[in-house]
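Below you'll find a set of structures to go through.
Both complexes below contain chain A, partnered by chain B and then by chain C.
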Partner chain A sequence: MNKRSFTKLLALLFSFAMIAAACGGDSSDGGEDTTDTTAGDAEETETEDTVAESGTEAEGDVDTEVEATDAVATQGGEIAIGLEAEIVGMRPWEDTCGSPCMNVLPTIYDKLMEATADGGYEGWLLEDISANEDFTVWVGTLRSGVTFHDGSELTAQSVADMFPVQQEGATSAGAISASGLIGVEATGDLEITYTLGQANSAFPAYLSRAPIGMVFEPVSAAADIDAFNENPIGTGPFVFVSRDLDNETIVERNADYWGMDSNGTQLPYLDKISFRPIPDEGTRLDALLSDTTQVMHTLRQGTIRDARAARDEGADIFMFEFQGNNVGGGMFNVLVPPYDDVRVRRGLTQMNSQDNVIEALGGTGISLPGTQWFSPDSPWYSEKVAAAWPEFDFDAGVATLQDYVDDPERSDGKAAGEPIDAELSCPPDPTLIAAMQVLEQTWTASGLVTVELTNYDQQTHINYALGAENGFVGDHTTHCWRVSGDDDPSTFLNQALAPPTAEVAAANGLDGIVSPLNWSNYFDAEVFGSLVAATATDDFDERYALYESVMLKLAEDVPIWFSGHTATALGVRSDVQGLSSWELPNGTLGVGLPNAEGRWSMAWLAAE
Partner chain B sequence: MTATDPGTKTEFPSERLTKVSTAMSIDARQGTPPKRSSPWAVFKEMPIFVKLSAVWLILVFGGAIYAKIDQVIFNGALPLQDPNFQTNNFDPSTGEFGTGDPIESPSWSHWLGTDAIARDTFARIVHGGWVSLIVASVAAAFGIIVGGFLGSLVGFIRGRTETIVMSIIDVILAFPALILLLAMVSIFKVRDLFIIAMVIGFLSIPAYTRVSRANSLAISNREFVLAARAIGTKPATILRREIIPNVLPTVLSYAMVAAAFVIVVEGSLSFLGLSVQLPTSTWGNMINQARRDIDLNLLQVVAPSLALVFTVLSLNQVGDWLQKRSAHRASAL
Partner chain C sequence: MGRILATRLLRLGATLFAVTFLSFIMTSLLPGDPVNAILGVDAPRDQETVDRIRDELGLDKPLPVRYVNWLGSAVQGDLGESYINRGQTVWGDTIVQRLPVTAQLAFMAIIIAVILAVPIGVLGAYRQGRWEDQTTSAGVQVALSVPNFITGIFLIWLFAVKLKWLPASNWNRISDKGLIANLETAILPSTALALTQMAIFSRLVRSDMIATLQENFVLSAKAKGLSDRYVLFRHALRPSSLSLATIVGINFGALLGGTVVIETLFAIPGLGFRLINAINQRDILVIQGITVFVAVAYVLINTIVDLLYTVLDPRIRKG
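Moving on to the complex of A and B:
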């Protein structure tokens, strides 16, 4: 296999991993987030300021405040956590890891880096990490005295030995390729050197989660990958006890865990956690309300709404909510006429009544309308982009589309005056079905669009857009989709807006750079150039300006239309504490609970 | 009948053959054939529960036909709300958003409230009956014509043909119908009502074939058929004149019961989002779409569910009664 083919294969594998992660749960899934950030204390201060300036609190945005607490945690006790789905497996490098999984695996495996409340990344197992000038070499130092659950010591060599395993991993191989990582070397007992094939100022983000950021015992993993799945070994705060597939995964307190809280108390606080997959949203909520489980994980706005109602009626629960960057809506396939014409895309987008769509999704008062790939709470959010986004204006939309329809040279080959065809396709989820019918009504009402509504199962829906059989062009036209995540923008934008086909790449002098994850097939050389430039600097303002320019261009060319940002939540019995106040080992406030991912080593039960 | 001398071939007048055959098929005890009853007379014969079921079916399917006529011929001018009109969405005719609310409780404007996107639930239930009606009718027609004929044929001629046909039927029967439908709908992306009805109809052929074959077997051994054979009537003529007419009443009454099953199958497909193209309303897709809001307004799930339950129950009631009635009449042969 030559290098190019191998790269393509890696990219394809990664795409499947990402797809499965993004779509592994229900359609309201927050999706998989690859995360990244810049490092440096000075920069974090700047970021914080920018958040205050660019972020805004809109109606319905009721994120649980992430804040430090003076409360003294108590040790002991056990909880059961209701997850929306069973996790794929216990191997971070091999098994796709979505939101439910990101609740389970970090209890067993520590991450090298962790996200902070101000949008940065700092060390978890790594005490520090720094890069050379062009961000192609990253050197980190592991903390000392950390042992795996089997008693063996964590050294830099352990991390280096993970790399060959990760290179073969079904999900980690793609992430390695996307991050540009080409080598991991132990350059001291605790010093690790990461070598990248290209500049990547956001590399630490990749070390903050699966598939390449979680530390596992490499010897056992390399010896028997299937046996490791049955007996996972990490350095995490809990030790794996048992897994009854589709029923319960149990972990117990790691008595030798290295972590301490700011009061010097050894972590974790809880003695035992039981993770229970309960796919039905109503049943999961009922389990929480009846105290069968003490935590409920959800990525659905309708469930948040119902849980809020139960709480307001006196249920003894608390909702930890989060409004993520992940945003729903749909995409146009810009390589398929008539969607290759911006007039069509813009006209249809102007006929998208976001408020009605969000209402149909059950997200009124919960989900914020999307205008870009960043939610108003994100440091990357831009008011300028929000203002540029084509908001609902039916008459303007009709006029824009009419211009195309009356064009004798229109790209779809139809006669002037004939309506365009739109196959609006979503997975058969009731919320999405409701939302697509709202769009269908307004598009049809224009008299310029013949809308066919289709629903295919999740996998068919994805394959339809993937288009593996036609050079990744896909057969989709107008397709329900979710984009973005809460990690560093480069982790998702660079792939989503890279050349979609070999032809496009060649035409732009980018041979060999093809991304099957460019679902809408939208490509603009200037946009891609900005994205690449954003990974070559760690200056926040510079990066912000680059991402803002990208978003402005997307608002102009509208390859994607938006409904609302994804609200996620962890509903808990009121005695479960610590989910929004956990800290990193250096005392920095953690990111809280994006995508309903709790940090369970620092959760505790309040005394009755 | 007079015995003929051995070795002598007697030409029996064909005109008389028919008369003999017909004469053997009348009620031997009473001496008169069963009289054809008018629909009203049949209705009056029904027990009260069956009567109520029949009335329900008339209302549901009559309503569905009314709704379709309103939609196709009168362009929505008759008194019934547009089942797809979202009362809270943008209305280009007024240039404003509607003032309706999603998941409304029942009111004079919306007898059964509104769904998640503020559409009138009563109108959607009435229109949903059309899908059930078409699916049931097409599937029944398919089953009766193809399955009924095949069963009558093989039950009469027997032999290798019967073995082959019934083996094929057994193979089709062995397929889990819903899984096969799911696969076909997913693979071929079929969303047309008529095609879905045809597919369901195809899958109902085995049941009709078995019912008609069982009846055909019994009738083939009756005296009037033996007599017809004995006097040299062509098998095709016996099939056409003796077997099929006597199998048909049973198959027709079975069709009512089968239709109930077919409606449930279509409901399951709709519930899974694999039946007719949206926004066409069906009871199944109404239940599916309303289940998310079941805590907020139970009626949105209960109303289409009851429509489905009552219709299936009614078809079973009326079908069973008709089957008993036809069996009783057949015993009088």
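Moving on to the complex of A and C:
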């Protein structure tokens, strides 16, 4: 080939690629039909068994409806799921388990309990569970005929034998302590008795997740914890096949799985799942759009926005979205002046335009503004709290802060009239930085605040807030943070609002109760009393009133400011079905997709 | 030769000590705590568990003691275990598992870069100052200016999303899925890495070739009536490739530690992707192990290139 031919060939190849790119598009385009078909997963059948039981959908909410469907699932096929991060390990009691992990581990390990659409908990491996009058003893009965992947039978003794392993577990030891669990005993072949050292009416919530709610084969786990990580054994719908760290974890259908759908078809439907960590949000979406993966997991509003745009342009995908309780924003360190003064916290919060911050985060039309630890969809949400929350009012905020600034006795030791100092710190994520710049501009515009923006990587950011070196006070002042979750409120609030330091505990007669997870260091004895009281009753109305009183107090004292609730999503190729309509073994409708966690035993592929 | 080798080995020892000491100190002094990464941010915790984990990991010991302990094990080939992915050894489960992936990416990137750079460089030199030279120079300038992750994003968009010719992410191991499937996942990231290398290489080839084309032996070859192509590729290219050979070796070593961004973008389980995860999780021994390995590889490759250079060019050996 002479040089001219070579040049022509290069030019030809490049031109061909560009033309093909321009003309090609998605081979499965024709989006409208397929999108409608997929939407039908949630829309085909209107039933009364919907999330409406747990509250009404909030205005502006764009969640995918959680409702039953009468579509008949088909069996077989395999999918690849793009996760936002690699999971730490395969041991629920040992390895920390966030949202990506909660997609993987439940395929291998069944949970004892499961969350329902109405905010409660029902049995999964446990057929039933009940407590004594003071919620210190819980007795549950396991399903019969369940076997581990190694063929051994699941008995109550298996669950009892898990307990010593969990007591030594890096993550489960803390959860055991927080739940109050002090003993697990097999009181029958299938009967388990949990003994608690304190009342806990929300104990079933702990049995619905890692680190203590997932059932593993205890003999192998106790024998060699590292070997178990390489060969995890549970009772779940899929059997572990292989793990290539940072690349792919493969599970295959458990042919002996006990679960059945409401038509009597054995679960799971899929033959094989490959979980692939793809940390770059853009690449993860591209992997879905290119059919490299069939499912994409995301906790980012910007990615949801981009995925919606791709869908609207005809990409053959469907978004299962969920507006979670988890809410972004930030916290004031109330043990550090001037944030020990409510006028400062309140003034800065009033100057916070949530709409502008959400827009900077890319969440307009995706994320609902937060006023409390519960999203408007949550059964725990309170309109009264929403009304009490100091909404955006710049002038009122300036007036409130001015009152502090002009106070000759102000707590930060500065002279009256001098602006307060704020170190506004966030991890170096572009959208978070944009959101913080909105706050910086607003606060600076008051003329009362000198703002310094800082960005530290996630671990440093956490470490500053943890403050292990200074008695858990921390070095933070105004700090980006997320709070809340979709489990029972007690599982996070009781830690987040407990005495933050030994001194605070002692001053309130609560010696020995210190929570490093009280990140803002806010403590109020009455609030903490309400939280403890809420674990001593299972009456929903009573608990609701207690949590509402806590949220009202937080709206008054504002140790935490909110931007928007965390929208999460599973983006799927349009033939992936069953994600929002999954049911518990007793036919109760499941909770849907909090935190972009799919129940993969009930996902299926529609026939082409 | 012996003296050169001895000097190189001494330098290697000093470099390794500096690298291990500095990387250990710097990573250990980072504010984050691996215990937080192990437990998770919002996981309930008690001090007893935190203390137990710190004790298990040896984090309760003073920094110099930890360094000396690590160094003692490292010289015996034991680089320790991951703090986070516990049970995973830094050498066997991390470096040995991932090196082939990164090395393949780097190797393919170098090959692609050389294949593209040589004809571009030769053409630029042969047609110096004319439109062919100006066009290729402009293209090379663009390739040099565009960060490789931007190239990567473009390649994903074009070949995965729009054309659906290649997968957008992850890695097919040859042992699991065969060579073709492996190349399907390797070609885009390798190309993204290759373009910058190509720009560097082609500039080097062009400038060396321009000098070579002025040499008497080239003029005599032309006077003999040999074709331009024959003169360029048979007579002029080899002496113009010494600098290229050197820079190829150096850049291959650099790529072993320089694929972090591309591996993360494409979710490829190489050394770079593991390193960035380890940094985010404060997995100190993994950071330390990979850093030391990359440093050793870099120094060794440079040493080998220098030694080869003395073989290729007798003037250096004699000098």
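One rule holds in what follows: the second predicted complex is superposed on the first by the 548 of 608 C-alpha atoms of A that agree within 3 Å, B and C clash if a C-alpha of one lies under 4 Å from a C-alpha of the other, contacts with A are read in each partner's own complex, and residues count from 1 in each chain.
Methods note: a residue touches a chain if its C-beta (ideal position, glycine included) is under 8 Å from a C-beta of that chain, and two chains touch if they have at least 3 such contacts.
All figures in this text were calculated on a predicted structure; none of them were measured in a lab.
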Fit or clash between chain C and chain B when superposed on chain A: fit
Chain B versus chain C as contact partner of A:Thr568, first or second or both or neither: neither
Which of chain B and chain C A:Ala468 touches, first, second, both or neither: second
First, second, both or neither for A:Gly282, with chain B first and chain C second: both
Touching partner for A:Ala170 - first (chain B), second (chain C), both, neither: second
Partner chain in contact with A:Thr349 - chain B first, chain C second, else both or neither: neither
In the superposition, chain B vs chain C on chain A residues touched: C
Chain B versus chain C as contact partner of A:Thr155, first or second or both or neither: neither
Contacts of A:Thr454 with chain B and chain C, given as first, second, both or neither: first
Touched partner set for A:Ser382, first chain B, second chain C, both or neither: neither
Lowest inter-chain C-alpha distance for chain C and chain B in the superposed arrangement, angstrom: 5
Those residues of chain A which chain B touches in one complex and chain C touches in the other: 282, 456-457, 460
Chain A - residues contacting chain C, complex: 3, 6, 17-18, 20-22, 24-27, 82, 86, 88-89, 94, 96-98, 170-171, 173-175, 177-178, 211, 225-227, 229-230, 244-248, 276-280, 282-284, 286-287, 289-293, 456-460, 462-464, 466, 468, 485, 492, 495, 516-517
List of chain B residues in touch with chain A within their complex: 84-86, 88-92, 95, 97, 102, 115-117, 186, 189, 191, 272-274, 277-279, 285, 288-296
Chain A partner contacts - residues on chain C that touch it in the complex: 30-33, 36-46, 48-49, 53, 84-88, 93, 97, 119, 123, 153, 156-164, 167-171, 173, 176, 229, 264-269, 273-274, 277, 279-282
Touching residues on chain A, where the partner in the complex is chain B: 282, 302, 306, 309, 353, 356, 359-360, 362, 392, 394-395, 428, 430-431, 433-434, 436-438, 440-442, 445-446, 452-457, 460
